[in-house]
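Chain lettering (A, B, C and D) follows the sequence in which the chains are written, and residue indices restart at 1 in each chain.
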Amino acid sequence: MGSSFGQLFRITTFGESHGAAMGVVVDGCPPGLALDAGALQADLDRRRPGQGALTSPRQEADAVEILSGVREGVTLGTPIALVIRNRDARSGAYDHLEHLYRPSHADYTTEAKYGVRDHRGGGRASARETVARVAAGALARQLLARDFGIEVVGWVDGVGEVRCDGVDPETVSRAAVDAHPVRCPDGAAAAAMTEAIEAARRDRDTIGGTVACVARGVPAGWGEPVFDKLTADLARGLMSLPAARGFEIGEGFASTAMRGSVHNDPFRMEAGRVRARPNRSGGVQGGITNGESLRMRVAFKPVATVFQPQETVTREGEETTFTASGRHDPCVVPRAVPIVEAMVCLVLADHYLRHRALTGAPGPIGGPGAA
Amino acid sequence: MGSSFGQLFRITTFGESHGAAMGVVVDGCPPGLALDAGALQADLDRRRPGQGALTSPRQEADAVEILSGVREGVTLGTPIALVIRNRDARSGAYDHLEHLYRPSHADYTTEAKYGVRDHRGGGRASARETVARVAAGALARQLLARDFGIEVVGWVDGVGEVRCDGVDPETVSRAAVDAHPVRCPDGAAAAAMTEAIEAARRDRDTIGGTVACVARGVPAGWGEPVFDKLTADLARGLMSLPAARGFEIGEGFASTAMRGSVHNDPFRMEAGRVRARPNRSGGVQGGITNGESLRMRVAFKPVATVFQPQETVTREGEETTFTASGRHDPCVVPRAVPIVEAMVCLVLADHYLRHRALTGAPGPIGGPGAA
Amino acid sequence: MGSSFGQLFRITTFGESHGAAMGVVVDGCPPGLALDAGALQADLDRRRPGQGALTSPRQEADAVEILSGVREGVTLGTPIALVIRNRDARSGAYDHLEHLYRPSHADYTTEAKYGVRDHRGGGRASARETVARVAAGALARQLLARDFGIEVVGWVDGVGEVRCDGVDPETVSRAAVDAHPVRCPDGAAAAAMTEAIEAARRDRDTIGGTVACVARGVPAGWGEPVFDKLTADLARGLMSLPAARGFEIGEGFASTAMRGSVHNDPFRMEAGRVRARPNRSGGVQGGITNGESLRMRVAFKPVATVFQPQETVTREGEETTFTASGRHDPCVVPRAVPIVEAMVCLVLADHYLRHRALTGAPGPIGGPGAA
Amino acid sequence: MGSSFGQLFRITTFGESHGAAMGVVVDGCPPGLALDAGALQADLDRRRPGQGALTSPRQEADAVEILSGVREGVTLGTPIALVIRNRDARSGAYDHLEHLYRPSHADYTTEAKYGVRDHRGGGRASARETVARVAAGALARQLLARDFGIEVVGWVDGVGEVRCDGVDPETVSRAAVDAHPVRCPDGAAAAAMTEAIEAARRDRDTIGGTVACVARGVPAGWGEPVFDKLTADLARGLMSLPAARGFEIGEGFASTAMRGSVHNDPFRMEAGRVRARPNRSGGVQGGITNGESLRMRVAFKPVATVFQPQETVTREGEETTFTASGRHDPCVVPRAVPIVEAMVCLVLADHYLRHRALTGAPGPIGGPGAA
């Protein structure tokens, strides 16, 4: 249980890090979408390990195979199964982990839940699972782009104590984000972040960070007013990412120190359209989009695998000391960027279809993408 | 759509703020639970408006009627329908709002979605909807207490610039929280918070704040490893609350500035049990509980209703000025405390049943509540 | 669990036969539907007991109260809660049943499941539960009629050994069905059925029967190709009715004796439209509608309450003899007609929204109702 | 949408008949099940085409690859992905079908729904999809056998006009069923069925039939009292099979001609256990199992592919004549037997987990398998 996401644009992922393959079934992708397989693979490549000094050297081509649901490049409306084989799985490197619990990993909790676990590479709890999310998210992204011109762009806006607050969410591009390996579009901040990551690595340690994300072009009216607020589903999607520890929309925690008169977004008419700016609400009011850009942030804790001795216990309940080795990112946030984007795309595609189901969208008064 | 929450302990709420009634159907509450109707009503009373200077003067007894699913005080395993009538609904006070959109309220987005709306008191988007959540949460709380001795306690840990960081999550009690109307168990902080709220009110303004919450006694093994991580479902539940803008678990955003060697919780054996302290993980690793207390926080933006002139537009697209009047809280966080607790209880009850379904809990290696 | 039906047009029912009330929450009814409350009540009145010699003399006005989701007669797109109070519940008549299991009733199985039960009037297992389905079905019916002109008409086509095969599904009307209390539009058959029911009653016995149903005007393209075939969802909906023992679509069991060359419906063009007649397929091919009328039948076993001594056992496991008394229909099929129709309407409304979600209906090539 | 089945033991299938592969993801299989891969493959082999004169000569090894969720032969509690490659797909044989609709196939309805379709071999609508159900059903079967000793056995009990009513559901075995290629355990009936199928084939025609199925050893208490009655979910599962046209439980349609005094199953005590015999109820009362064997039947229409000229229309709306060729079964019921069994196992496994979730089964008063 728990491996599905979305109600109508619904994905189900599978795969252990060192099993045969990772994969996803997308059930609910509308028919007639001309799938850009190259762009799908490009999204996967952005997430791929082994891309540089900042990330794990595990080498995976992550070439995706489409098993169903697409014919002659066009979606059929039937389930789309995507499989990515695991190739560079050095499972032997994990043999010594079968009988102990790595601190702040999911080893202990997995065993507490299931009584059995695949200890190799973290099994199902491995961040490798997110490759399936990115593959599915690429489909969602293409659907949203075709039907509404929606753009979803994420970037690293914090590593350790380094913050980058100067990015304009209305204009930042994926190209600008990818210009630096740390995936922060502000060059000075990017350099400082890189140094912070390198310093952690030198210290045989790891470090946390934050990813910001914007979705531009989302029509007004998406989301549900009570439990399935768009904010709630975004939070669920992003807090389901490995190492995620916090989520905020719009001004987030900073809004708590504001007065209402400052935080409120007055409505004005511009070019015949209702606008709500400066968009402190982050594009959502009462859980429903208002046509402004969605703005959110996710906090990722430092990677649990540090290369220093740590106290822990064995499966048999004996205390011991554990020192990690192997291939691990010192900081997840550069690779988290495409994963965050994928989850945002998945949430939006689902609410697109949900809104269409309930109202026969594009909707009575429409937003920017309604035409 | 969107008015249901939970997969197995599943609730469906209904009601508009100025309609006939609010209510909830709980489908999935196990049979044989001796329902403490007084405690249920007490939970509702904690959320009730009109309780003091800090909250809206709307007077609602919020007396709950149990329509089904309980016989002679014991749950039958069938759906439990709870109804709370709306009585003090001064709908006439909202007539002037039928044709304009209050800034940062859900008026515009509701109409963008549905084309129609009940403008009286915010309709379905009103925080009055949460009365149904609290009623259902009371059932969940009693189930969790009976089967595991779980305690869920929330408190206000921030109002505006005032923070309260000294509360011990392992010992704080609901009685201590309720000792001050602002629901902060630290007297000095509570006084400062009260002053901050009063200052906002004097300025015809509003102010935001944060609510912390702890769940003690949750067994190890609850939660799913991928999308339905306990963290993800808690985030969804809490970010679905009106005015919620941020969520964090454990160290949350603060963890991003930490090194892994600092953030990790080493495992140790204590009294024959695996412990993970100082619990920076907030009781969850890889989305699954580890037997430590769950610790989380929610950010609430300042209330959108300020008693000052604001720019806005009408349904007809004409710009105008709006000055609010009526009954509104200057700060939501004191009343948000029981609502936050209710959502946490609902998430936990759902995962209790999900864990039992998959594994035939209490589970192979068990946590503190497994015995 | 198990008290919800539908994925998008989703209903959740509640209530025990002798509890405070029966009710339903409809979440997913599109906004802007002008609700005909009189027609809704009329649908309930058709199901109501105490209407004549053939049905139970229990007197219930079954007046429905709308608690939410409708304002000034128009649906808001929010959950619609409908409550029907139980008034003529003579619970004392059931006291002697608390400790024994009535044969072929749900007494034993309910207790095997829950360990507790409300024995009064069958509790949740009572056919009184269907009043909530009829109320929700009335909303679905009005939606389908408004958007597609769909008509759903059921009738009794069998009681005991009496069959009525001459009804034309393309023209039969609810008025014709209601012209005779037994709800068979063929006068001669209706008379024979009435006599069969009266004979059973005279013998202190009960008798079974079948209900046929047609849905006219359903567009081509509704239903899903695999598990959620329209046939499968209709089967589930109708087999969830109390006392249902069989379901068939089109030629049903009779098709098994046919050759393919006889059973196949050749396609022809008529008035610019693809037709598939003589419609042995019953309007569905591969689980998806083809634009022809849906034709189906449901088998209902004889009512379990017979007024003769029967062997049974007590809760304590002692064998005993039980002779029923009280108010019970000798045959359920006349009252089952509106209930069957309601379930068909609910299935269709759900698939209407599901089809719209996936494809942005009315769909590329359309059916009769697509224009 | 529509490719998932089950709420807790939940499967999602994918694949087009002439695409790269068929497959299924099983999310919700409990951890710790020692998977018998040989028995799984044996279940697939029973469904495989090309097994004899009565079935399609398409040759598919149907060798299953397990991509995830199983390690060292034991289920991990994580999603189990099973893939079966399509190998003998002679897609060229379908080129002439791209522009016309085969009568009583899903060609027209698929196109009415999606606007696009994979015409090769019926695409998603092909009965080849059921290979994924059988693979998943094998897991369910093994779980039910391990935990309760449940046995699920299906057999052909009708082909055309030939009926076989003498099979004892309490003792019939899969071996006895498989002793004859037509899968009827009664030799004389089997011979007559074979002749009926051969006669149809000689006439370039096809013929329908019925499959009976029994599930022995199911504990009392499974199923939900309202919409998710076990009968309803069995009906949905079985009516979702290709060519299914009817379903019945217990005495089914025959019950409608009975009096209640005849149909009722009196309760008696035997060996300390409540029994309900002669089991006309088919093991279910009020939607919940009573501990007796489940007995049900499914009607399958004659195969739509007949090798005779038939009237039809093209995609462009022109009338034409179509004569089928290629590889097709003249009668589906022999191969439908393992498919029916698989669906029954899937429904039971799901309700096993649902019952355990709600009640912490084995349950308060238990049935035969509760101990």
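Here are a few things to note about the model shown:
As a convention for this text, a contact is a pair of C-beta atoms (placed from the backbone, for glycine too) under 8 Å apart; a residue touches a chain by one contact, two chains touch by 3 or more.
Note that the structure is predicted; figures quoted are calculated from it, not measured.
Where subunit B touches subunit C, the two copies mostly use the same residue numbers: shared numbers make up over half of all numbers in play.
On a Cα centroid basis, the chain most remote from subunit A in this structure is C. Annotation: 45 Å between the Cα-based centres of subunit A and subunit C. Computed from the mean C-alpha positions, the centre of subunit B lies at a distance of 39 Å from the centre of subunit C.
One finds 25 Å separating the Cα centroids of subunit A and subunit B. Each of the following residues of subunit A touches two or more other chains: 1-4, 8, 13, 28, 31, 77-78, 113-115, 124, 225, 354, 357-359. Remark: subunit B residues 1-5, 13, 101, 103-106, 108-115, 124-125, 129, 158-161, 200, 203, 205-210, 220-229, 231-240, 242, 244-253, 255-269, 272, 274, 276, 280-282, 284-291, 299-306, 308, 310-313, 317-319, 354-355, 357-359, 363-367 touch subunit A in the complex. On the side of subunit B, the complex with subunit D involves touching residues 7-8, 28, 30-31, 77-78, 225, 353-354, 356-360. Across the complex, subunit A meets subunit D through its residues 1-4, 8, 10, 12-16, 19-23, 25, 27-28, 31-32, 65-69, 71, 74-81, 83, 113-118, 123-124.
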